[in-house]
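What follows is a pair of complexes built around chain A, which joins chain B in one and chain C in the other.
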Partner chain A sequence: MLQETRVLHPVRRRGWKGWFAVRKRHLGYVAFALNRLTGLGLVLYLIIHLVVLSLLARGPETWDAFIELAKSPAFLLLDVILLAGILFHGLNGLRVILVGLGIGVHRHKELFWGLMLLAAILLIFGAWGFLVV
Partner chain B sequence: MSEQKVTFRVFRYKQGDTAPHYDTFTVTVNERTTVLEALQAIRRDQDGTLVIRHSCHHASCGTCGMRVNGKEVLACVTNVLELGTPTVTVEPLQNAPLISDLVVDMGPFYETFSQAHLPFVRRSEYLPDAEVAEGVPFHMRFESCIECGLCVSACPVVASDAEYLGPAALAAVWRVVQEPRGTEVPPLLDWVNSEHGCWRCHVALECSEVCPSNVDPGGNIMALRQELVRRALGLSRG
Partner chain C sequence: MKGNGIQGISGAVRWLLQAVSGLLLIVLLGVHMIANHYIAAGGLRTYEEVVAYLSHPVVLAWEVIFLIIVTFHAVLGVRSVLYDLGLSPGTQRRLDRLVGLVGIGAVLYGLWLLWAIT
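Right after this comes the complex of A and B.
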């Protein structure tokens, strides 16, 4: 009697690296990759933020020294980058929620650019607030 | 018809190899040459061990799906010169077991896909005014999905979640929900209403971009979600 045998072949699967393989991909894929990237960045920021807050336990001198550092232009530029990440992740996340609920599925690219325009406007105001005011 | 030489960088892998590599071939092409024809020329004239799979040559069978210059395409309808690159890189589909060179094992794909119970033909979307030949009761239309697997290869979620049902199977389920033709819909909806089902999609929508048959798997996944929400709220008409 013949018995079916199945050869197990290796699967070419990129894993998490596939999230960022955006070459030759379309807007939705690029937005997906940036959403993951900014999401990971925000998690990293949260950890750094908690570490920074722990400086409070070391007394007023340590905290005041950090505040002086936080007022430097280079540090404020990091705040602007953080704001850009928050705006992208938040507003693109809104697009993902809407499209994921079936709203604007076939207009997702227009929705993306509209929300990114809003993100750019808010970023300009935010950067002005951080760096100028 | 003008001819020119194009370099092909072709993915090579044979069972037992420790790692894949790329071989380079030069092929003379004209403005009508497709990637599949160029690969056939390589196999015929330069390297008979190159393994490729094809059948119909007109984007109907879905067997020649592969990645050309990093994008999932049907090689039979991809014009070489229209790619506009001096070197054309050809690779097998991703997220599928690799058998040899440009051929992957479609077995797992078909196994998942067949669980959707998608019929091959349907009554909807035929032209109501079209004349029906004598002896033919009505027109039927073949389902659009040609089961090429391009969407599964392009999906970034399938890349990191081997259990994800994938865009093709989910789109097939939506078709059955639209037109059950005797298939029990609730078990299918239970099947896709899971962590690795339609909720796993993260809206990259590359599946719809690469689909050669305009199935729009991404849109169908969102339609499935809407249906599940409607049913959960008791609003479904089905």
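Right after this comes the complex of A and C.
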């Protein structure tokens, strides 16, 4: 158990700079760095999302005016970026859990690329959904 | 030396908690996204639609559980990232208290918001 944690320990020992230590270009390093960057991005989004939701407490006029603004193309682009972050973080996180539990340890690269392919497919469908709904 | 609270929990248990909350989020966030951005007409709900959506007890319970789990996962994740900066034990203890308070504050704020609009 926790084999991923052991693999990533050298990165952790080097602090946040270790996230970008891509000299060896080990897939685990890149995935680790991207997982943390997307995680921090999603936390930032969560904070913004909670703050924006406070507009609901101001009543229908304030919220509905915001909703009209949120339907603009710029917001839709941000939604697609958000979806990409969610899909990467979620599916890479799933890989970390599986490998940590000893599942697919010797095929973790194939697992990573398979899940990223799934992320790409879901992103295309998701982005298309944003545009047509 | 093990401290109180989250520091008193071993790294393996913290990893497991983060993994379980992450797996739950795949389902909770998936349903949240589909319900609020794909099923909702226009991709976003008007005020009236938000109130109607949250009036269903199962939906309300789902969103409350989602709020708690996403906050827990985020707080534990940020803590982990900040620990990697090489913090002193004293700073680690202060950070644990801070992220704990932020997490509780975020959940209470979310619950207040849900109460205010339902």
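Going forward, the second predicted complex is superposed on the first by the 115 of 133 C-alpha atoms of A that agree within 3 Å, B and C clash if a C-alpha of one lies under 4 Å from a C-alpha of the other, contacts with A are read in each partner's own complex, and residues count from 1 in each chain.
What we mean here is this: a contact is a pair of C-beta atoms (placed from the backbone, for glycine too) under 8 Å apart; a residue touches a chain by one contact, two chains touch by 3 or more.
Bear in mind that the values here come from a model prediction, so they are computed numbers and not experimental data.
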| item | value |
| --- | --- |
| First, second, both or neither for A:L53, with chain B first and chain C second | second |
| Touched partner set for A:H26, first chain B, second chain C, both or neither | first |
| First, second, both or neither for A:G90, with chain B first and chain C second | second |
| Which of chain B and chain C A:G100 touches, first, second, both or neither | both |
| First (chain B), second (chain C), both or neither touched by A:G114 | neither |
| Which of chain B and chain C A:G41 touches, first, second, both or neither | neither |
| Set intersection of chain A contacts, chain C complex versus chain B complex | 12, 15-16, 18, 96, 100 |
| Residues of chain A that touch chain B when the two form their complex | 6-19, 21, 23-26, 28-29, 31-33, 35, 95-96, 99-102, 105-106, 108 |
| Residue numbers on chain A that touch chain C, as the complex places them | 1-2, 5, 12, 15-16, 18, 36, 39-40, 42-43, 46, 50, 53-54, 56-57, 59-60, 63-64, 67, 70-71, 79, 83, 86, 90, 93-94, 96-97, 100, 129-130, 133 |
| Residues on chain C engaged by chain A in the complex (per definition of touch) | 11-12, 15, 19, 22-23, 25-26, 29, 33, 37-38, 40-48, 50, 70-71, 74, 77-78, 81, 84-86, 106, 109-110, 113, 116-117 |
| Parts of chain B lying in touch with chain A, wherever the complex brings them together | 15, 69-71, 92, 94-99, 104-105, 107, 154, 156, 158-160, 162, 201-206, 209, 218-219, 222-223, 225-226, 229 |
